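First chain written, first letter: the chains are A, B, C, D, E and F, and each begins at residue 1.
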């Protein structure tokens, strides 16, 4: 178990390349810190969904959020443009294989690999909710950076214009409400845009 | 929900003072990155426990690990010595009150506050397992830092000498096994110590 | 003497949490760097006061400015919100006790402890002048950060609206003049606010 | 021309993931700083080769050294393990395509693309000399890091054990001499290893 | 050769003081990263010049760009104001002497020293083109920093108002075109200035 | 007064080049943090001297310690090797002129300039005591860095072998005692050296 933990430890120091490639200082956000943000967002969303009657396996939500970026210890935090050159299918296969190798010593029954595959394919509602949390945590981070003066991050907001979370009912509504309040907060920050 | 998420976002950048006060570079580990490490450790431990027949609510383990340091957005990451001057009871009360205020907008039924109180008092088995994961993640971090050359961190290993995780049966055994493999890895690093 | 010096050395690397909790990069300002800024400000203010006839013990001003944050090596740089949860009296007691322990090996006659107590209670004119320098250095830092593009620091300027330095005569006037020139410099920076 | 320059500017801030994944602080070495090191090494090696009668196009050496990592602005600095999962051929193709897109606005006659392809295939002597400089700069960096206390970088030295620079004659000899003096300097650093 | 390479390695970590003195974070740009930027700019400019019929020794351009800041390992990256107090002649002499000592072990025929002297005196067209690239890379860096939110860097743009590159014909035109496109990009960033 | 304070503010972020040129991370120690360390050391030494009957103007000690590095906002933190190339007399003149310009708006009677000149020439006992504190703080910093694993800093300890503080009587003795305890602490750290 220790070798897996030591390897995942590395995500604590791996910078998200999205920030450094845009000229923000090193140390802006590590992959581990982002995973924490995704998980917090996912838990609050999931509990809200449950409260409004959505049937949801919250434990599964928490597990997927926790492990969704583990492959990056071996593949790195590839910038979005990298996918253009490798193809999204090749990227998915590489990350899936890397994930399987990482968890191999601790995944006797393959349950971690199953959760990862579910996430990669957005099969379950839980996987799609984590993906929504992944996007929303990104936007909250952008908002936080803009609040302390960062600029030049407009391209991230384009994601927010045509979000396809592929949820439905109350889950979709709850995610949209949070998205809307993020967009409102941004409007207050840049009233003239 | 957004105001809570924005506040918790701050943990992504808050340095663990244990490292900076000992002279390690800023950015060594954020509170969010540590929380991620604790949660990974807790999940692997918990799944191992379940596999060996321990009756355990893994969702609860994941929830407690995720939220156990949230109070630090308001109280800061107080160094261990601070407790000597405030008293551990005052510290516990302050952190509990801060936690309650942070989650107030999203904790209609008080379930987050209950989990936090459980953790602070180490009442449930799940809470005690997260505490063990908190200690083990710290030791793995120290091991990782020593592997890249950091020194002067001996005092952290004293914790490992007389660990009182207050677990029992297979859970205790599993935690002790992980602790032992950490200690072994350290011995290999410093064969003459 | 060495053990005290080594302990105080730690302030060189301890980040001021006010900046990191607001999302500014690690390394923005250490407690030691802030202490330097407070002392420079205090000396210039004190010399100006003396030149205008205020009776003042400048050596005492310099001593208080130098030592006013030493307790933070043991208690940490607690964010302002922490005081809400601990109470300002408990905080003062904890910091006073920590300070006494830190200087114990070098404070045979208790003179450092006396200066610290004076500062904590703002008893002497010298202590109040250092407190003013502490606030003014903070505002100059905020101004410097805003000049290089930082935003979201408005709450710090609220301090400047109702300053209660509790000085009088020429000392009050000199401090107010500096405060006013800081506010003017800020107005030039944000002409439309 | 400006859009290309702005894009390549990003390499100034992109951390080499080899260091951060091993736990060294962010900011240890940027891709641009590494490129500078490779080019300095390549020029000194090339001039030495010429002085010993090797026929070499030094301008070509300088050009290849300068541009050999440009693709990383779009593909990122992928860790070595990433190649295991993508395959070295896919990686080469992706980087070649990314490079072509980056230089497209300034490469009317395809000469930059040709140099890049040459380097990727190690066709010319000049390309192989730059590859040697790439490895040697890495080892000098590791040596420099170990000199200030870094540890846990042994795996980098394995590269040095079976180097296949595929050079010949005086060029091979000069490269081996530099490699040997690096290894000697390392032996002095760790006399007991 | 190794001792020279190890010494030049230091430029990878030496911050450009222009940024830190203005309050930008440490790690904004190293001297090595800047040298990389200057060389990229110089190569693109030189190739453009050649394409338009300017007679130019591109290898010489690349060599000068690569070595133009090496003296800073011994003299440091002196802020512009330092020249006011030392005098530009004394600064030139000191840097020239430092450069000669640095390259001494690898500069049997004095060719590096000659290139450096040429650059310091802007004698050749190649030297003046590198100086233009040095200024243009600075402006592109300022532009990149302003795009992510940095402010307070107006004084750097004053350089751009009265540039005296001392080139002529197509070379002057090409440099002016790049300068103009930088200024245009900046105007788009701050439309109201 | 504000323009002087804003200029001196810059020392909070200016890295000591001694560390970065040796490969330690950016942010290891700012000039302001070092000044704080010197002043703490100087005050403890001075108070100790007074207690043992040395006649000393402690206010003057504090003033000199506070301002001894102010010239660096204009001249930079020049590495020791820079003095070899500029000459120590030229360096002294440049720094003295820079200092005079910095304090000009606040130094009506020239008292700051006098203190600076005194320090540069080591005329008074107070100036020599601050110089001793400057060296001792450097050694304590090296000790602190070595304790967390830094290596390759041996050349700093050579200073400690032949210290010429040019003090006498109890002052010399007190400084030597502190030096000796620093050397002892280092011996404990590296028992085999």
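Here, a residue touches a chain if its C-beta (ideal position, glycine included) is under 8 Å from a C-beta of that chain, and two chains touch if they have at least 3 such contacts.
Every value quoted in this text rests on a predicted model; they were computed, and no experiment measured them.
S.K.: Going only between touching chains, how few steps reach subunit F from subunit E?
M.R.: The distance in steps between these two chains is 1.
S.K.: To get from subunit C to subunit E along touching chains, fewest steps?
M.R.: 1
S.K.: Which chains lie in contact with each of subunit A and subunit B?
M.R.: C, D
S.K.: Counting a repeat as over half of the contact pairs in common, which of A-B, C-E or A-D repeats E-F?
M.R.: Residue-number overlap above half with E-F among A-B, C-E or A-D: A-D.
S.K.: Name the chain whose C-alpha centroid is most distant from the C-alpha centroid of subunit F.
M.R.: Measuring from the centre of subunit F, the most distant chain centre belongs to A.
S.K.: Go ahead and align subunit A to its copy subunit F using Cα positions, then give the rotation in degrees, nearest 5.
M.R.: 180
S.K.: Averaged over CA atoms, how far is the centre of subunit A from the centre of subunit C? Could you give it in whole Å?
M.R.: Centre-to-centre distance between subunit A and subunit C: 40 Å.
S.K.: For subunit B and subunit C, let me know how many angstrom lie between their CA-based centres, rounded off.
M.R.: 33
S.K.: Counting only Cα atoms for the centres, state how far subunit D is from subunit E in Å.
M.R.: For subunit D versus subunit E, the centre distance works out to 23 Å.
S.K.: At which residue positions does subunit C touch at least two other chains?
M.R.: Within subunit C, residues 9, 13, 22-23, 25-27, 144, 149, 151 contact more than one other chain.
S.K.: What's the complete list of touching chain pairs for this entry?
M.R.: Pairwise, the chains that meet the contact rule are A-B, A-C, A-D, A-E, B-C, B-D, B-F, C-E, C-F, D-E, D-F, E-F.
S.K.: Using the touch definition from the top, list the residues of subunit E that touch subunit D in their complex.
M.R.: Contacts found on subunit E: 1-2, 4-6, 8-9, 11-13, 26-27, 29-30, 32-37, 39-41, 43-45, 47-48, 51, 58-59, 62-63, 66, 106, 108, 111, 137, 140-141, 143-144, 178, 181-182, 185.
S.K.: Using the touch definition from the top, list the residues of subunit D that touch subunit B in their complex.
M.R.: Listed in rising order, the residues of subunit D that touch subunit B are 22-26, 149-153.
S.K.: Which stretch or stretches of subunit A touch subunit C in the complex?
M.R.: Interface residues on subunit A, with respect to subunit C: 25, 27-28, 144-149, 151.
S.K.: If we count contacts the way the header does, which residues on subunit B are in touch with subunit C in the complex?
M.R.: Touching subunit C from subunit B are residues 9-10, 13-15, 17, 20-23, 25-27, 73-79, 81-82, 84-86, 90, 93-95, 97-98.
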